[in-house]
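I've put the structures underneath this note.
The following pair of complexes shares a single chain, chain A, combined with chain B in the former and chain C in the latter.
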Partner chain A sequence: MSKVSLTRAVRFKRIQVSRHLRDKMNSAWMLFTMVIVVVMPLILLIGLYLKSAMLLNQHSIFHLLFSKEWKPLSGEFGFFPFIVSSVWVTVVALLISAPVCLLTSIHLTQYAKKWVLSIMHPVIDMLAGIPSVIFGVWGILVIVPAIGNYVAPFFGKTVSGYSILAGAIVLSIMIIPFILNILIEIFKTIPVELSEASLSLGASKWQTIKFVLVKKAFPGIVSAFGLGMSRAFGETIAVLMVVGNVTQIPTGVFQPGYPLPALIANNYGEMLSVPLYDSALMLAALILFVVVLVFNFASRLLIVRYERHF
Partner chain B sequence: MDRLKKIEEGFFRVLMFCSTVLIAITLFLIIFSILYKGLPSISWEMISQVPKGGFYFGKEGGILNAIVGSLYLSFGSTFLAAIFGLPLALFMNVHLIRHKKLVNGIRYVLDLLWGVPSIVYGAFGFAIMVYLGIRASLLAGIITVTLFIIPIMVRSIDEVLKPVPRGLLEASLSLGSTRSETSYRVFFKQTLPGIITAVMLSFGRAIGDAASILFTAGYTDYIPTSLHQQTATLPLSIFFQLSSPIPEVQQRAYASALVLIFIILVISILSRLLTRKYQRNQINF
Partner chain C sequence: MMENVKIRIKDLNLYFGKQHILKNINVEIPEKKITVIMGPSGCGKTTLMKSLNRLTDLNPDARLSGSIFIDGEDILHTSEDITKIRKMMGLLAQRPYPLPMNIYNNIAYGLRISGRKNKRFLDRRIEHYLRQVNLWDEVKDRLRDPAGALSIGQQQRLCLARGLAVDPEIILADEPTSALDPISSQTIEEKFLELKSNYTIVLVTHILRQAKRIADHVVFMYLGEVVEQGTAREIFENPREDKTKSYLKGLFY
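Take a look at the complex of A and B:
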């Protein structure tokens, strides 16, 4: 009898030890994953910098950013045309999607009935889930011919349709679900009491939205647009497919452009055969990374501050 | 004055309604135009064969290499990302429950990483590849895509774990379970439906992304048999076929796009079904 209980005690002890050992191992692995993820941005930054250092040693960063000459074969790497194209595409895309997102988010959070929401939620989710290459295909099928055949002639221009505008339209649709989701969250966090107070003072529903909700949510709205912009800035394949990819400084929306991500994606094939070319493309990735990081950093900070407000 | 206000409100209400409808219409327009172009050119041959000689001049063959390659790549990277992502998300919500500031800091970093464009991950993956001396391969592609989807997966799982009541944690710990047992046996089970959705979301991202694998996974006409071989992927096969000047090949790009949309749809439906199935194991509060 005593022998049985002894082995039981031993077994229990063993199980305890193995349980705690397993707990330690699991926790150690968890800690490890945390460390990896936290230092990840730093690793990305250092990795890209080391690869682009070769080019940075030869030319000053200022020269590289503002030079218009892009002749890899003779060692001239000026990023200015690509940066300008990127800015064009991003800004036009935001100009298109910002009003649509703002209006829709107000509609969905303030006016819409239950059934509208039950349709729009899956719609937004699906739009967010569509791969970017599909947007590109759709852009080539619909947007590019539409611009070439109808929009540009309307403004008295004859173009192929592969243009900044085509890229911006495709981009604007891609960032709509992204911005919309943030805006909906932001409008939801505003306490109901605030609009109730406004309504009880005799303001109409629209006045309440205009003077209370939007005003209160303003920092959140700005940061949502900032996040949308940084998303648009880095989008590659869809834009690459419709934007034309001509190395020039675009001066209008109907001209073709050549944004930074497209530059990286298009030239990976030959980058190892031309000296410094790979370094230049890595620098392009680094510029992209830093710009997106700064935009994200600022926008997120604004959102965190804003949420703490309530 | 009052009438003017009414008109203003009415005007904006119409505008808001229109923009909502516009978004819905755009989605259907996208799906419709891909269906319209892709359906006529899709065939059993397309999805059951690898490219044969002269495929890129409009001759026989299919895109089985891209379909299988994409599935390999996404399964591999989702699996790897889960090995890193699930423990981290649990760690943030169980072990670090009393360190709110630290957890919020990690969330911030994850959100930053989520915002990094996939082409940057692609370039970084390429830099690592050159540094280690590996050639473009399935393995390099998997690693790059894993880096890309880890933040997505962790943040999605984190959002699922956040609302779990603290009482569950306290009850589990007070019964004598260790913290990792609480994580995997209690929290994991409790939130399994949400975790499945999060993993499926990451899978969808992995299979749809083209920019990160452009440098790292390569492209080949064969189905890879080892991790060190190059692999074709659906987004890239669509991209390459569409840039061909031959109409037959372009037709195939539309059909390939249809296949990709179909896979994405299947994933989202599957995640909904699985969510419902595992909801039964949940404790309701």
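Take a look at the complex of A and C:
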């Protein structure tokens, strides 16, 4: 071997070593950041638990979840009204957004011309990025008076308009772009050949959508709504502004409610001199956190399993 | 021509947006014969097939002009229900696309769509068509399993059975064996030779030997145009055009 190529070989070796080192350092950093990402929610969970432990030591969790009495001054912390309110706004919001999202995503991916989708996509992204307080303000200016002056009287009720329905409408406007984005992605990944197969068997376009495309996408659709639900359940400010914040168990959509996130946001830092009050709010946060986590996890699991299945 | 013409394509032009994909296509496809469409990749074979049962309608950017006569009726300008026209043609794609349901329902689907819902009738038909594609013995004990769990070769035979079950007159097959192993390919090929006594078969293939084995009639395409067409013997033994000659020699694909 000549001298030149030998030195070159040595230099090459050195470069390799330093690159190797850099790779190692990079992967150490990556590992570190990854650990932070994974450990953070865990720390949060433990922190919330420790903070709410004081309350949990005094009352059983069952009692706290299902008691209707919320009287912090006399030490009664029943979360039932807040949980029911949260479920109300979330479910109604989902009922409003589900058909809209499903039909819009089907229209955009199956019927509309390509340029319509390519315009709508950034628009939807933009809607998804609007700060929630703006939706809240819009809710106060438009939705609340509309319900108080027109919708509720139409059903024979006299109410202020600050209600479960107002919260749900504002919420649904917020989660529609979010769910829509996922649904469009799901429908776009279904190969056109599958539609062609169904059509060539004599199915109409609508039959193809109903029996083949929706069926193929079904697990994905369910998990998209699961993700939307966990978002709706945790949404705070926009709901808080229009939902009324009255501690009661709502029995209809025109009544005001008081969802968990609003409870926390409205009261934390205010009445902390009351014994156990902060512990109760931490418990509310814990409940919220666990519910959102479970929904998210279940939805993602469904997506993964569905991708493996087909 | 000696044979009955099943499909007559007249002055067909197709655009995707501004792209001119099919240029002045004039083709005659004889009844109850195997017509093979050949040509290099991207020359428009798949697009031509999809025009035949108007799957090009799915693409909002596609524009068609000209005529396609099937049994004398122009399917591009007809008042007839498009689903009836499509049902007349079974489609076999390049890769199998089983419907997202079990094996049984994959075949029952087309029958149910056309209103045949009687359970006994469905059972009998499904067995019949699965036997016809030599799949019955392999799947008879797991008809309720998802069709996606079958091997690719089995899936393709299932797709053929599914297409036959709606009782078409024409079979459109777009490189149906390109994803299959040699044995499965051979099964499909033999099936076609058997089926041609009852069906008009249009087959796209890149495999020259396959074409020579089963073609009665050949259409050769190049860059969106039909360069040459005729009986298999004419094209394979006496091609007139230079492009056909060099393609047959394997000079380009």
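Simple rule for what comes next: the second predicted complex is superposed on the first by the 281 of 310 C-alpha atoms of A that agree within 3 Å, B and C clash if a C-alpha of one lies under 4 Å from a C-alpha of the other, contacts with A are read in each partner's own complex, and residues count from 1 in each chain.
The rule is simple: a contact is a pair of C-beta atoms (placed from the backbone, for glycine too) under 8 Å apart; a residue touches a chain by one contact, two chains touch by 3 or more.
These numbers come from a predicted model, not from an experiment.
Annotation: superposed three-chain arrangement on chain A; chain B versus chain C shows no clash, the two fitting side by side. Set against each other, chain B and chain C touch different numbers of residues in chain A, with B touching more. After overlaying the two complexes on the shared chain, residue contacts for A:F66 are found with neither chain B nor chain C. In the superposition on chain A, A:A112 makes contact with both chain B and chain C. Of the two partner chains, chain C is the only one that A:K215 touches; chain B does not reach it. Shared-chain residue A:Y150: touches no atom of chain B or chain C. Touch criterion met: A:S204 reaches chain B and chain C at once. By the touch criterion stated above, A:S195 is placed in contact with chain C alone, chain B being left untouched.
For the superposed model, the angle subtended at the Cα centre of chain A by chain B and chain C works out to 100 degrees in steps of 10. In the superposed pair of complexes, A:D23 makes contact with chain B only, with no contact to chain C.
After superposing the two complexes on their shared chain, the closest approach between C-alpha atoms of chain B and chain C is 8 Å.
Once the two complexes are overlaid on chain A, the chain A residues touched by chain B in the first and by chain C in the second are 112, 204, 207. Within the complex formed with chain C, the residues of chain A that make contact are 112-114, 191-204, 207, 211-212, 215-216, 309-310. Across the complex, chain B is touched by residues 19-20, 22-23, 26-27, 29-31, 33-34, 36-38, 40-41, 44, 47-48, 50-51, 99-100, 103-104, 106-108, 111-112, 116, 119-120, 123-127, 129-138, 140-142, 173, 176, 180, 204-207, 227, 230-231, 233-237, 241, 261, 264-265, 268, 278, 281-282, 285, 288-289, 292-293, 295-297, 300, 304 of chain A. Considering their complex, residues 5, 8-9, 12-13, 15-17, 19-20, 22-24, 26-27, 29-30, 33-34, 37, 84-85, 87-88, 90-92, 95, 104-106, 108-113, 115-124, 126-128, 130, 147, 150-151, 154, 178-181, 183-184, 201, 204, 207-211, 214-215, 235, 238-239, 242, 253-254, 257, 260-261, 264, 268 of chain B touch chain A. Chain C meets chain A in the complex at residues 50, 53, 55, 58, 60-61, 83-84, 86-87, 89-91, 93, 95, 97, 99-101, 109-110, 113-114, 146, 148, 159, 162-163, 166, 172.
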